[in-house]
Amino acid sequence: MAHHEHGMEGGAGGEAGRVGHHIEEMLSAHPLKPAVDKAMLAAGIHAIDHCAQACTACADACLAEERRAELVRCIRLNLDCADICGATADVLSRQAGPDWSVVGRQLEACQAAAKSCGEECERHARHHEHCRICATNCRECGEAADRLRKALPL
Amino acid sequence: MAHHEHGMEGGAGGEAGRVGHHIEEMLSAHPLKPAVDKAMLAAGIHAIDHCAQACTACADACLAEERRAELVRCIRLNLDCADICGATADVLSRQAGPDWSVVGRQLEACQAAAKSCGEECERHARHHEHCRICATNCRECGEAADRLRKALPL
Amino acid sequence: MAHHEHGMEGGAGGEAGRVGHHIEEMLSAHPLKPAVDKAMLAAGIHAIDHCAQACTACADACLAEERRAELVRCIRLNLDCADICGATADVLSRQAGPDWSVVGRQLEACQAAAKSCGEECERHARHHEHCRICATNCRECGEAADRLRKALPL
Amino acid sequence: MAHHEHGMEGGAGGEAGRVGHHIEEMLSAHPLKPAVDKAMLAAGIHAIDHCAQACTACADACLAEERRAELVRCIRLNLDCADICGATADVLSRQAGPDWSVVGRQLEACQAAAKSCGEECERHARHHEHCRICATNCRECGEAADRLRKALPL
């Protein structure tokens, strides 16, 4: 049953315990073998997708803060990072007929966006818990993008 | 540590055991209380976001199949579902200043897209494992969209 | 020459004078005939795409205003409208294997988002020229979505 | 009147004759002056946005062709280019609180995607009019991205 399976996500051990194992399951069902390690790719897509969602939520939370005037740059970088991560995760979700130099450039943009947004969020982390959480997501996203870019068959 | 925290995702029990608990953590850090139950909202965003990713991957997998001629409609509905779910997850990730009738309409579109795509994927589930997995994700997405729409303060 | 052709966009008369004629040219090159009138479809995609861009720009302009505290709802509705219009334009840009009920639902969500965002922008139109322009784009988008929905072979 | 204004788009001369003049009007209404020349920025957003739409349509047209097996790579690159251009146009539509190095990286990714997709489309241009049109859009998009990147205050 679907919901039960989901309940196992990230469970104590075994395959279902790996981050992004649902994405990995899908990669395993693809007629083509991905060009980079499947577990790394799945974890990377997960981290980048999750960062996009966190940035969208953080932009909204910043907008709702009373001291939003201090958060204008944070909102802007959150929105950019959300858009860029969203496109990057889509590109990474495809295995057919890639141009690795395009994938690599997009991963560089993703890494730059996550670094910039994460650093700005970090500056507000003490006052805003959503910025603290978002900074963590951005750091994980940037690391994942870096790892994937280095693993590309360029 | 970030990776360790992630490793706990969906762990055996407690709060970290709930699907989408990272999204829920972000909702808890928001200055505004969401209008619907936090755990339900987080699980819904998770299911809809995950469906978007699965549909993007399934479209690509179908395209790579030798018998792709039979999968044209499946690819089309996957692409539509991915776009619609992506927009829906973004809308749901915002708590500030909503218009519930807009959110509700978008959830209806999301439910329709997931139903349509899920049914088409189901037809190919016996031959293509990626379609089987995607059909499951679409069903979960459609159920989540339905649940959220009914919970909106309309 | 490409740039010259572009310079003709919306020129004094003839085919090149129609809004969205570049989109229409692409529709004419598609192996399948679109299910609705080509000129109407092209003009609709143009209006909806343009509204998405205007809403993204208006959200950013509102964020940069000193009196941004009064514009929180406007920013939120702009962001929702941008996401929803973006997905709608993508769905409309596809002719292969559609499910018209999905397209129709997404057009309903698009119309609702454009109406809601346009009305909110209208309230700020006297003070903010970007809101006035965006309200006009939203109205055109909503009318286009309504027209297309009524023309669908449902 | 809105529709009349639109009818003037790209008219014979004057300001309304410039490509993307509607986008430029919005830039003029923004409380902040954009960091690059307004007409160039507006034309660039127009070209990149238009390329995204053309690539979405070309992917769908390729999918509908009987000889789609030869077009798998073209479809893939179209989908990537559409996603990347969409994110790029969104980033460019914001003037508040930018990080130019992020904008620059995304423009590089956009240029790479447009080059790659345009070259692949060019290979099919003799057989498929949609690929010929899309190749032209990609070339204009790549040129616009290059021009904007060089104009950034990096």
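For reference, chains read A, B, C and D in written order, and residue numbers begin at 1 within each chain.
Methods note: a residue touches a chain if its C-beta (ideal position, glycine included) is under 8 Å from a C-beta of that chain, and two chains touch if they have at least 3 such contacts.
As the structure is a computational prediction, the values presented were derived from the model and not from experiment.
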Practice problem: Would you kindly say which chain has the C-alpha centre located farthest from the C-alpha centre of chain C? | Solution: A
Quiz item: Taking contacts as defined above, which has more of them, C-D or B-D?
Solution: C-D
Exercise. Just give me the whole-number Å value for how far the CA centre of chain B lies from that of chain C.
Key: 25
Quiz item: Using CA atom averages as chain centres, what separation in Å is found between chain B and chain D?
Solution: 29
Quiz item: When the centre of a chain is set as the mean of its C-alpha atoms, what distance in Å lies between chain C and chain D?
Solution: 16
Self-check item: Multi-partner residues of chain C (each touching 2 or more other chains)
Solution: 60, 63-64, 72, 75-76, 79, 86, 90, 94, 96
Exercise. Using the touch rule from the top, collect the residues of chain D that touch chain A in their complex.
Key: 72-77, 79-80, 83-84, 86-87, 90-91, 94, 96-99, 101-103, 105-106, 108-109, 112-113, 116
Quiz prompt | For the chain C and chain A complex, residues of the former touching the latter | solution = 60, 63-64, 68-69, 72, 75-76, 79
Quiz prompt | Residues of chain A that touch chain B when the two form their complex | solution = 2-3, 5-12, 17, 19, 22-23, 25-32, 45, 49-50, 53-54, 56-58, 60-61, 63-66, 82, 86, 89-90, 93-96, 128-130, 132-134, 136, 139-140
